[in-house]
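The first chain written gets the first letter, and so on, giving A, B, C, D, E and F; residue counts start at 1 in each chain.
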Amino acid sequence: MPMDSNAVISEIRKNFMLESIKNGKRLDGRPLDEYREIKITENFIPKSAGSAMVELGNTKVVAGLKIEQGEPFADTPDKGVILLNIELLPMAFPTFESGPPSEQAIEYSRVVDRGIRESKMIDTSKLVIESGKNVWMIFVDIDVLNYDGNIIDACTLAAVTALKNAVIPGSKLGEKDFKLPVNATPVAVTMWKLGDELICDASLEEEQVSTGRITVTMSEDNNIHAMQKGEIGEFSLEEIQKAIKTSSNIGNKLREKYFR
Amino acid sequence: MESNIKLITDDGLRLDGRALNEMRPIKIQTGVVEKADGSAYIEWGANKIIAAVYVREAYPKHAQNIDRAIVKARYNMSGYSVEERKRPGPDRRTMEISKVITEALESTIVLEKLPRAEVDVFIQVLEADAGTRIASLTTASVAVADAGVPMRDLVVGCTAGKADGKMVLDLSKDEDNFGEADIPMAILPRTKKIVLLQLDGKVSQEEFDEATSMMMNAIPRISEIQRNALMSKYNVEEGE
Amino acid sequence: MESNIKLITDDGLRLDGRALNEMRPIKIQTGVVEKADGSAYIEWGANKIIAAVYVREAYPKHAQNIDRAIVKARYNMSGYSVEERKRPGPDRRTMEISKVITEALESTIVLEKLPRAEVDVFIQVLEADAGTRIASLTTASVAVADAGVPMRDLVVGCTAGKADGKMVLDLSKDEDNFGEADIPMAILPRTKKIVLLQLDGKVSQEEFDEATSMMMNAIPRISEIQRNALMSKYNVEEGE
Amino acid sequence: MPMDSNAVISEIRKNFMLESIKNGKRLDGRPLDEYREIKITENFIPKSAGSAMVELGNTKVVAGLKIEQGEPFADTPDKGVILLNIELLPMAFPTFESGPPSEQAIEYSRVVDRGIRESKMIDTSKLVIESGKNVWMIFVDIDVLNYDGNIIDACTLAAVTALKNAVIPGSKLGEKDFKLPVNATPVAVTMWKLGDELICDASLEEEQVSTGRITVTMSEDNNIHAMQKGEIGEFSLEEIQKAIKTSSNIGNKLREKYFR
Amino acid sequence: MPMDSNAVISEIRKNFMLESIKNGKRLDGRPLDEYREIKITENFIPKSAGSAMVELGNTKVVAGLKIEQGEPFADTPDKGVILLNIELLPMAFPTFESGPPSEQAIEYSRVVDRGIRESKMIDTSKLVIESGKNVWMIFVDIDVLNYDGNIIDACTLAAVTALKNAVIPGSKLGEKDFKLPVNATPVAVTMWKLGDELICDASLEEEQVSTGRITVTMSEDNNIHAMQKGEIGEFSLEEIQKAIKTSSNIGNKLREKYFR
Amino acid sequence: MESNIKLITDDGLRLDGRALNEMRPIKIQTGVVEKADGSAYIEWGANKIIAAVYVREAYPKHAQNIDRAIVKARYNMSGYSVEERKRPGPDRRTMEISKVITEALESTIVLEKLPRAEVDVFIQVLEADAGTRIASLTTASVAVADAGVPMRDLVVGCTAGKADGKMVLDLSKDEDNFGEADIPMAILPRTKKIVLLQLDGKVSQEEFDEATSMMMNAIPRISEIQRNALMSKYNVEEGE
């Protein structure tokens, strides 16, 4: 969660926010588990192998794929490689800096990556050109252009959309181009604790007031594939169980709406 | 730059159907990065570039100029923006581009009006298709204006070059790769003063004059698109 | 995580002979780094991890929080600690682990009691054998206490996971490599509040509940080992 | 242009300098387009494959070449490789720092490199040992030992001299050593704007007073091969055209004097 | 030698220390050339190819080996590779920082490495799998866990012990595992100048008061294989000659006690 | 260091024709870097090395020593200075050399005379041909003197070593590569105190004594060359 001393929320507004949430309603009028307007622009970058721009309210991210040939990892000679990287661009927020990825960017990348990897969305064994020597490498680069909260969910939506559209350039090998083989549709749902409540799709100012973040990524098999408690703060086991149920419900809704 | 590929067809048109002095379409939109003080997005042909501006007190204190602003533009490319995946972070080419863009903006910002300030201009190339540096500068200058930074004029960028022995305006990717020269230039339309100029390739003095006159002719149109982008924002705001 | 290898034998035991809900042996010792303000060494199965804590004024001054302490845990692996030689320095995995360990410790340290301070927690994994992040957190929390830093409770870490379709406690290296899920968790024993939780793999909601209940049962034993390590130090000191 | 608060030019001296230049004469007595004494020491580094020390007044640079075998770039399998790098050594000026090259050093390197590359001085197609696999790589390292202005011209002179003397170690392949094939002699001429005038070969204090820098590199074909407007400041089209003519004239003179 | 403004020794204690040493006795009661208690724990890291923890009083270091296959250096195609690296871990002392190795860590690494290399302890010509292509690479990583002086001697002891125990995993090539061939037992003896005296095995506070450090590494052939004068300070030739004699004596004793 | 190559001919001379205790020619010149406070250039055999010194207030302020100067020597090699092209930037070898050169200079500079100051010594090896570290130190110490920094004495460096079983003075490149030992040393001629000493290879105590006595004999000559370089500058200046 980015810190910006100029943008710190006043105590009055913070209390007002918590009071409102206690009564089941957020400052922008949303119920606790409702997402902001979601806008997905598929194939936003025509030259990439697959891409999407995702807007969650003012949060704006772009995912783009490049697919190249390369050597597999030594311990998985019969699997293609997926490399996912989130850049929190310095344009996205006043305190984000240029340079190598921050701990925050790395954590976000790894959580998004785990959801996609562990749900077995992509069958990487179908990305082998020559065992142990040459495989398709999928670079999933995700840029955060404007930061207004809930980056993990936005980036997962963008990456999953881009992967679903992706085309492997088989023609470079004298074969046919083919669609990336997709087996599952993971959806990450992140919740924040504000007072005693859990809310979904926090805006930046809600993130700044929250005391704990929990992400649960599930796929249509209704299994949990990734979880991550983030930020300072603590959860009871009951809260975690509630978060899992919420993730299951919302994941089903989003999958229905955006990935049919 | 090698000229093995035919870039001008027999009827005198370019591979994408343009006349020699024809620009690609340009679209600019402001206010696209909500957290920033100013921002603009440009589509110039297939180029897609976003620029966002933050104006703040320079930090640390000893880096401040007590009598004027510091300007720092950073040109950055997304991993998926070019043919081969671009590794994150600056390289020698992007650092040079950042420098010439910074200097062009410095030449038009009224630096004395913002003592102790730093004007940070972040440029992200989402999709690259020839001419990104001047498209970046063109949109960055709109973003700087959108942030309310005092400027003597908006900077307008443009390229010309040589393809199949002919001077052409606004090089395409093929013309950039296989043509004989590339001349990016940026000017302040009001005074026609040049604030960015580079050249590489092979051009005679006459060809150089032809190239610059092509660009000088194109500049008012680009300038108008910039102004409309800034205006439309104010119109909307007034309408609310 | 692939399940090609048989991880549970026909008599329901694990490859290392443990029952499904059986922990590996744990030993903790304090005061092992003389120069540090506090330190602790853990052997958890074949894991060997040392943690040392320095409490100091945060530096530079503008990085200080005037009303509370900053906590920075750094998880680092020795070159010889893993199968293939680990290059020195942080990588993406160790940076994520440093972050979640830092946040877990921040959740229990009474930060307001140490305004302007920085609590630096250095963790060195000398030998790694599955579950290093929670073993690190468990020993780091003892080292923080050894340094006299006020805490609401000692953090206790633990893992559970899925191997051959069964939920098992405290994953072995093989179960970590070839099992179907890995769930590291850390709690504050007094309130049973969760301060670290990660999961990767594939588990149903029921399996998740089984895993957390296994871990909740194991926590008091680990907590006792932590307390004994801290006590024995004071006993010795009193005896001197 | 390096900035050094201790060395900032007083307003009085600055005005005196501008006044003098307005009258066609510089503080050291030179006319506007005259270079300081140029001293070129060829083969300054006998162990290198080619080298030169160039002194422009107090500006002092050394260029040295190493020629090694290596892989060509993937997109030019039938061309050798030239890699040119300028180091603004921390010894050369009080504010230059150790560490990776600054933006200034990179810009200078790239301008010098473009002049040499675009004039087709070196026929890199003659540097191929085995197509796509093994080519001669020419490392042109240029060290700035003392910075007293006009680095681009000094470095171009040094690099061109070193390349003209260079010997390819063909004997390492059991063949004969041979001179590097040279087809052109590019000369960079950089001009600075002081008041309404353009001057050549600025000293450091002239650089510090100037409002704009323009480099024009031409070869004996009288074509322009590289241009670079640098630093804050602006030029009219007429000034640029004048700069091109000056570059053509001075380039011819320098070529005549130093490269016959 | 690490500097810590909080831990700087008071003038009184410093004078007391020097006075005591002048009289042949140190503050902890040791004679000038006596080592603190040495504790060597062999095979401390069972999973490594060889390891040792060495404690010299409160100084605590761990050396561990990894042995992997790799390419030999181009100029020594018929030799295996030994790479030795000391990490002064930030936990070991208040002013040690995370990040790339400091000048101090690099100097220490290189001095320890030279003693081992130049004594020809390991016959690297026996580590070749395929000439010019594949050799055994021995990574000797040494971590300093607590810094209480005399790191070079402690690290040399740890590295030599670990190498003496090391097993080459020949079984990975379908052959037998075999002990690393060892031909010598180098021992580094470092001395510090305090006043006009030389002392061995300085504690941290003795290091902080000293005016010069000299290391002499010898093996059972009674030849000198490495020397290093370190830190600000100066020695007379007589002092150096005395240091060599001391190193010879102590080396023999330590070799007798720990490496028989 | 391997001794497969014959380094001493049958008539007892070395491959370059020198006697066992013969130095290569040395030339030193001051005032070669105009912008620096002091500078010197040395040609020692085929070695070509330049050193420049800046004396300034240490920065940032908290890095200052209130009672004495900080000295920082940086030994750097040009890309073209050695057989295989050297990549720019420090490596482990150059960092160690920078450290021992810094410490040797610190041992002779009267640090207390320059409180809060930093003495930056930049050394650039333009051509390397064995013995660069002691040639660097020898010329750096002249550059420091040229900058007017108070010194107790000029440092003089020298090497000796073992080739074909014989002790030789001032190793050549071949003797350095294929000889049996290399002993760089630097002293303050006035007191004969040693401020730099390294050794690698294999030498007995007697051989070590022979090497150091060879070097001690050579030192006055080098010292004189240093002094002449400093003098000639003043002579010229006086003459102007």
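The rule we apply is simple: contacts are C-beta pairs under 8 Å (C-beta built on N, C-alpha and C of every residue); 3 or more make two chains touch, one makes a residue touch a chain.
The structure displayed is predicted, hence computed values, not measured ones.
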{"item": "Common touching chains of subunit D and subunit A", "value": "B"}
{"item": "Shortest walk length in steps over touching chains, subunit D through to subunit F", "value": "1"}
{"item": "Most distant chain from subunit D, judged by the mean position of its C-alpha atoms", "value": "C"}
{"item": "Chain at maximum distance from subunit E, centres defined as averaged CA atoms", "value": "B"}
{"item": "Inter-centroid spacing, subunit E versus subunit C (mean Cα positions, whole Å)", "value": "32"}
{"item": "Between subunit F and subunit B, distance of the C-alpha-averaged centres to the nearest whole Å", "value": "52"}
{"item": "Distance from subunit D to subunit B - Cα centre to Cα centre, in angstrom", "value": "27"}
{"item": "Cα-centroid distance, subunit B relative to subunit E, in whole angstrom", "value": "58"}
{"item": "Residue numbers of subunit A (touch at least two other chains)", "value": "none"}
{"item": "Touching two or more other chains - residues of subunit C", "value": "none"}
{"item": "Topology of the chain contact graph, where touching chains are joined (line, ring, star, complete, other)", "value": "ring"}
{"item": "Successive chains along the ring, subunit E then subunit F then the rest", "value": "E, F, D, B, A, C"}
{"item": "In the complex with subunit E, residue positions of subunit F that touch it", "value": "1, 92-93, 95-96, 98-100, 103, 106-107, 183, 188, 191-205, 208-209, 212, 216"}
{"item": "Contact footprint of subunit A on subunit B as seen in their complex", "value": "32-36, 39, 46, 48, 50-52, 54, 56, 74, 76, 78-85, 88-89, 120, 122, 124, 126-127, 129"}
{"item": "In the complex, subunit E residues that touch subunit C", "value": "44-49, 51, 58, 60, 62, 64-66, 68, 85, 87, 89-94, 98-101, 139, 141, 143, 145-148"}
{"item": "Subunit E residues within the subunit F interface of the complex", "value": "103-104, 106-107, 109-110, 114, 117-119, 214, 221-237, 240-241, 244-245, 248"}
